[in-house]
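What follows is a single structure, written as structure tokens, with notes after it.
In this document, chain identifiers A, B, C, D, E and F correspond to the written order of the chains, with residue numbering beginning at 1 in each.
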Amino acid sequence: MSTELDVGLPSVRQLQTLIQDGSEVEVKVITNDLLVGKIRWQDAFCLCLLDHYDQPTVIWKQAIVFLKPKA
Amino acid sequence: MSTELDVGLPSVRQLQTLIQDGSEVEVKVITNDLLVGKIRWQDAFCLCLLDHYDQPTVIWKQAIVFLKPKA
Amino acid sequence: MSTELDVGLPSVRQLQTLIQDGSEVEVKVITNDLLVGKIRWQDAFCLCLLDHYDQPTVIWKQAIVFLKPKA
Amino acid sequence: MSTELDVGLPSVRQLQTLIQDGSEVEVKVITNDLLVGKIRWQDAFCLCLLDHYDQPTVIWKQAIVFLKPKA
Amino acid sequence: MSTELDVGLPSVRQLQTLIQDGSEVEVKVITNDLLVGKIRWQDAFCLCLLDHYDQPTVIWKQAIVFLKPKA
Amino acid sequence: MSTELDVGLPSVRQLQTLIQDGSEVEVKVITNDLLVGKIRWQDAFCLCLLDHYDQPTVIWKQAIVFLKPKA
């Protein structure tokens, strides 16, 4: 995997849209935790989620199972 | 892995057919969740599933165990 | 990983033989499910298993632990 | 994956900042363990965490789910 | 990962020695199964284990945790 | 991933130091097993651990979560 983010990919663009819109998302990871927050940034390896107290959590993409807008 | 989707591959073509036919599928992921919906798009890293309320879920391919037409 | 299937590899050839012989196999995946069926095709990322009703299941190779002829 | 650390990436820079600041972090790994300590160094594959007794633990990045400042 | 097996690597050579000696080994995989048998062959992705009835099991290396001579 | 070991990396050097010093280490793997022993060698894919009876266990790096000096 290149360390460059391919912004032409639908999955990368979808995350960029969620970042710009400041939408709340739910991220399910392989430990079965469900993380909730707003995405601040993404790169090729990680994304950063801000919780309600603006505390950042860096999530490794390799550990993400799925991601969706908060219900 | 390249970020380009190799549309010559049977697995990629099978997903494309499911997208075009709007077929319902079941996706088993490594957390043992079974996600159900219609595939809207795929790229090299992810596919997007729409549930009955047209809510999108982005699933990382790395976390998929198997996928089949809904029984 | 290239998207090309290296047919010189023993593991790839073994699967090809199982496809041609129409042998029933058991596939253990990382969620601990044991899938049973005949392999219809394989590519670099996936293989397709047909169950007794000829329903196809696309299994991601990344999620396979082992595979053996059905006992 | 290259063995070179791409210091232009936000995730790499964020870890570098945490190293320089000597901040305590929580690292959740795929076995569900939560490791706590200060990051001493990172490279392309691993990061090294120092606990309260300055004992080093080398953590493989492939096994990291998320990382955040200690609450 | 290349599909070529680098026979200069200690891990590859160790498996080759176990194949030539016909030694019994225990293979622990990520589902926590412990598979026992003699290694018949390896390639870049898999190894093949023969049980006491000479039935072959193809194990994906990606799913192997550790391997040791049978106690 | 190249099959060559990049000896300039801190993580690779740290393991080399532990090999040279004959230090006892604890290795936590993704099945949650904690393996204890002295590291005899490492390559790009594996490391070899010797237990108290000098029995070798080949551990795949892909399955390692963390590693630390035995407490």
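Keep this in mind: contacts are C-beta pairs under 8 Å (C-beta built on N, C-alpha and C of every residue); 3 or more make two chains touch, one makes a residue touch a chain.
In this text, all values refer to a predicted model and were calculated from it rather than measured experimentally.
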Inset, instruction - Moving only from a chain to one it touches, give the least number of moves from subunit D to subunit E. - result: 2
Inset, instruction - Determine whether subunit E and subunit F, two copies of the same sequence, contact each other through the same residue numbers or different ones, counting it as same when over half of the numbers at the interface appear on both sides. - result: different
Inset, instruction - With chain centres taken as the means of their Cα atoms, state the distance from subunit C to subunit E in Å. - result: 19
Inset, instruction - Please report how many Å separate the Cα centroid of subunit C from that of subunit D, as a whole number. - result: 37
Inset, instruction - Could you tell me the distance, in whole angstrom, between the mean C-alpha positions of subunit B and subunit D? - result: 32
Inset, instruction - Provide the list of subunit A residues touching at least two other chains, using ranges where the numbers run on. - result: 1, 30, 62
Inset, instruction - Take each protein chain as a node, join two nodes whenever their chains touch, and name the resulting shape: line, ring, star, complete or other. - result: ring
Inset, instruction - Moving around the ring in the sense set by going from subunit C to subunit E, list every chain once. - result: C, E, F, D, A, B
Inset, instruction - Mind listing the subunit E positions that touch subunit F in their complex? - result: 1-2, 6, 9-11, 14-15, 28, 30, 32, 61-62, 64-69, 71
Inset, instruction - Would you tell me which residues of subunit C are touching subunit B in their complex? - result: 1, 3, 29-31, 33, 35, 41, 43-46, 48, 55-60, 62-63
